[in-house]
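Two complexes, one shared chain (subunit A), two partners (subunit B, subunit C).
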Partner chain A sequence: MKTWPSIGRLRWGWFLTGAVTLLVLPVFTDTHTPTVLLIWALFALSLGLMWGYAGLLSFGHSAYFGLGAYTYAVAVINIGESTGPLLLAILIPAAVAAVIGAMMFYGRISDVYMGVITLVVTLILFKFMNATAGDQYAIGDARLGGFNGMPGFHVLNVPGLPEASLFGTPMYYVAAAVLLGCYLLSRWILARSFGRVLVGIRENEARCELLGYSVPAYKTAIFTISAAMAGLAGCLFANWAEIVTPGVFALKSAAEVIIWVIVGGLGTLIGPVLGAMALGMVKLLLGEQTVIDNSLILGAILVVVVLAIPRGVVPAVQGWWRGRARVRAQRKVHARPRRRLQSAQAERV
Partner chain B sequence: MDYTAVVFLEILYMIAFIALISAGLAIVFGMMRVINLAHGEFVMLGGYTTLACERAGIDIWFAMLVIAPLVVALVGLVVERLVIRFLYGRMIDAMLATWGLSLLLIGVVTLIFGSSAVSVPAPIPGYQLGGYQMGGYNLFIIGVTLLVYLAMWLTLRYTRVGLVARGAMQSAEVAASLGYNPRTVYMITFTVGAALSGLAGGILAPLTGLLPSSGGAYIAEAFIAVITGGAGAVIAGTLASSGIFGAVQQLVSFAHGPVLGDIVMLALAIILLRLMPQGISGRFFRNGQ
Partner chain C sequence: MSEAVVETIELTKRFGGVTAVDRVNFALQERELRCLIGPNGAGKSTFFKCLTGQYRLDSGNGRVLIRGGDVIGLRPHEIVRMGVGIKTQVPSVMNGLTVMENLWLAARRAHGWTRSGAEVQRVIEEVGLGELARRTVGELAHGQRQMVEIGIVLAQEPWLVLLDEPAAGITGAEVERLVGLIRQINQNATVIVVDHDMEFVRMLGARITVFHQGAVLTEGPPEKVLSDARVREVYIGNRAR
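Showing the complex of A and B:
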């Protein structure tokens, strides 16, 4: 029997079920909405990997999402063919995160202080991008456009074929493949000793330091990886929306991704993905009606989740499931000894 | 000469503005290590309370100085009882829950007042300074800020209540063994913090205008000022960071425009935190209040 390669705690059965579902979905429904849900899921996955496993909460992860989106738009307007811009949209957020991460982690900044710095980075980008309305704010041929953003750039094309643009259902499949790929990558990272050390840092930083691991280096590395993933999500989002506005850096989008991750479940990878999809869907549905305000519902969800299920929905369900399994197993264990006991008593008699 | 005076007054106003919007957050963070991310919405609620009173024909001074703090204090009390009290000692969870609360409050205010910008008339007319037209109301805000911080300092330093509050902050267990329930102290502290936020919102409403989402503008600055100030000595720390940020923001704004002013201020916050990871007060005022 050929066994699948083991990637940590990856369940191939669930993974393939998810992949097949994504594959056949376009048969049943329009792909426009599912595409953006996949992109948001990727964004949430990037934060969930860093926050859930290394214990690093970035309050402004939208900075890297937005940087990815802007980098792609600027680069594709200047270059034309989309392969280079796509790579840049991963590399530039990663580079920025590496610098900021190194500055924070080698400076031993953690907790709220890290929260402030990551938030401030987003705010700076937000203020700056909003103020870039004039003609003097241009990178090459690309005008940054201030509050109105940057419309009208080329969407992704098949690498090497600038005419073969990807939109609609092909774009959906690109987003699905990227999400599945990043999920596997995250699982692989966590299965390596690198990932084990990250979890160790989350659990006890001093102990990891004393065991000889350079905690700042590990933190900077995962921050960079996470930002690269967020940048990729931002790039895909720019392609989906076909416009980039400073709104990607706003406090609201920084808050949203945190809500998705915490509701879905910290310390899992599937939790953030499902959380982003479900709450993204809720957001889109709420956006269609005007009776009740969108943020009221999201806010209420966040408060209730933090109070009632602070670990998130997925870990809570998993815990409940395992608890049931344990009870069943115990019943079996208890059933046998009683019989043995009876037979032992019978022998004695 | 006139221009220098104008710049000086504007800097003073900016410092007062940051210090005023940070006061409520500083008290809550300093006492209980809870970052209340709904703080901006408390300020915003203070503004809307003033607006509602003004529309109902109540004297605007009474509305902003008495009713706004009371209403927001009540909201703060309800929030503390329903949400915050379960989250003491869980800093990140408390931040997330209050973030949710902030979204919720924005939604509620949008439902009641609509999402368009509204304004409250300033009750003090402007005055002439040389060739420049100045807002007289700015001076009032500087005065109120001074009084608020003076009152905070005197209360914490010289009253029985302040002593108990500082005691509960230093060691909740010792305070409890002396017969003061730390939970009650926390509840009162949070309510007082909310009242200060309401006061700030009430008196700033005529200057800033009101939007349901305007809390977001306050929370960022207040959050940065309080954290950079540090938890060691909240009042001194927050005043120090407000002074630095306000002065830098206004000076750069006069030279290169307000956007760069904001950006330089934010960048400075990053640098300050990098140099002093425990905040300004953790570095300089270790023993003082």
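Showing the complex of A and C:
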């Protein structure tokens, strides 16, 4: 008998369908918009993994997204070749998250207090980066640029070949491969005992402590992994936009990813991915008009979804699908004796 | 007499001006089954939480020794890793997970990935949770959740089992089954049971420690303790006569 049948299970059919769709998409459309949608999906996945499975809501996850973007920009200006900066864009947000996470979780800070701390971190970074306009704010050759941000840095290249830059369709494929890889990594994490303990912590932290698990260590670990993923998303975003501004740390950016995850569906991995893609698309379409502020529309969508389907779209669809399958199975069970009775009556006639 | 496996020396816990546990000296021998009783507010659950690390203590609170090692200042998970299984007063289970998943998390920590599946099966049979195995714990009745939590403790195969009010919300035949289960656990482990259900404590027939106003009032075999006039006065009252 399987002791843990559900969490971490990968439906390969759906996964391969998604992968093939991503593979052939450039044949039918321009890749500029799909690339940023994939990057936002990765950002949402990073929060969804931590929030949906470990129950840790970071109100300021954009801090790690922004750190990834800035780290890449600063490092690539100083180093030139993109492989090292890419790794740094993962490692620096992870290291910062490890320190902040350890301080919070070993200090027994959780729930709303964790939300406040994480939010304050991103707002401090936003304020600070806005105030770095002078020449004195430079790291090596990289000027931070204040509210104007950092434009004109070298984009990702094929590792070891600085001249072979990746933009356009190759950049799209990089983003797609990274998203699929991180999705598989998340599934793998959840299928391991580490992921199961995280789910246990989400359900009852005190009980997990009384089972002998070091809850602060587990929380710090998933916070770090999630920040690393967000940093990677930030790095890709910097490459897509070819500029990094303090806006990556803004409250709007922090709130958007929460909305994507809630609307897509907590407690699933595909929910945040689809939520980010769908709402990201809505945001881009709304950005082309000037009649109404697009934040208002996104806010309205959130209110409607929370009221109508509080668990989010994907869990609601999954629930409906399972319910239908259960009803069909019950009908089959009831239909068997009826059919037998009908055939017996027919034989008698 | 053999060396105590659990010992408290002058254990004290105060909440502001209230002394919930007052200089308690307590000792428990290997494979002993001990019941801690007392009226509401006697300090038995606070004492229990001091033993399990749920209340953070320091050297000013006295000493708690488990197998000779001072556990003052240790976190609950560190005490549990010494081989201690803990069932709390209010069932502390993972409501969103199935019975099997709850047991698996307990078994995984104690026995590792490869043995955990077999341990879950063993506990399911031992506690009689077969029919509930795939049910989500949040859907179960209070008494069933109590049994799940006892199963969680058993899955850890602890040498010291601390049960806080295991009979709460359990009635009739279930109590008899629980008594049998605790005796079975006691064959391989030292057990402390905190409860105020006198019938349940009588059924266990173990040595009793009576708490009153945060201190130990008396201690001894059930027949002696339950006939003690002071115990009747502070705890049992007229109902026992």
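Assorted remarks:
We adopt the following convention: the second predicted complex is superposed on the first by the 328 of 349 C-alpha atoms of A that agree within 3 Å, B and C clash if a C-alpha of one lies under 4 Å from a C-alpha of the other, contacts with A are read in each partner's own complex, and residues count from 1 in each chain.
Following the convention adopted for this analysis, contacts are C-beta pairs under 8 Å (C-beta built on N, C-alpha and C of every residue); 3 or more make two chains touch, one makes a residue touch a chain.
The structure displayed is predicted, hence computed values, not measured ones.
Partners subunit B and subunit C, once the complexes are superposed on subunit A, both fit on it without clashing. Of the two partner chains placed by superposition, only subunit B is touched by A:259; subunit C is not.
Judged by the touch definition given at the top, the superposed model places A:203 against subunit C, while subunit B stays out of reach. Seen from the Cα centre of subunit A, subunit B and subunit C lie 80° apart once the structures are superposed, a value rounded to the nearest 10. Contacts of A:112 after superposition: subunit B is touched, whereas subunit C is not reached.
In the overlay built on the shared chain, the residue A:295 is in contact with subunit B alone; subunit C does not reach it.
Of the two partner chains placed by superposition, A:178 touches none, neither subunit B nor subunit C.
Put subunit B and subunit C next to each other and count what each touches on subunit A; the higher total goes to B.
In the superposition on chain A, A:306 contacts subunit B only, with no contact to subunit C.
In the overlay built on the shared chain, the residue A:251 is in contact with subunit B alone; subunit C does not reach it. By the touch criterion stated above, A:144 is placed in contact with neither subunit B nor subunit C.
Remark: least CA distance from subunit B to subunit C after fitting both complexes onto chain A is 11 Å.
The interface of subunit A with subunit B does not overlap its interface with subunit C at any residue. Listing the residues of subunit A that touch subunit B in their complex gives 57, 103-104, 107-109, 111-113, 115-117, 119-121, 123-124, 127-128, 130-131, 251-252, 255, 258-259, 262, 292-303, 305-307, 310.
Those residues of subunit A that touch subunit C in the complex are listed here as 1, 3-4, 193, 196-197, 199-200, 202-204, 206-215.
For subunit C in complex with subunit A, the residues that touch the partner chain are 52, 75-77, 80-81, 86, 88, 92-97, 100-101, 103-106, 108-110, 113, 116-117, 120-121, 133, 152, 156.
Subunit B contributes residues 35, 83, 86-87, 90-93, 95-97, 99-108, 110-111, 216, 219-220, 223-224, 227-228, 259, 262-263, 266-267, 269-270, 273-274, 277, 279 to its touches with subunit A in the complex.
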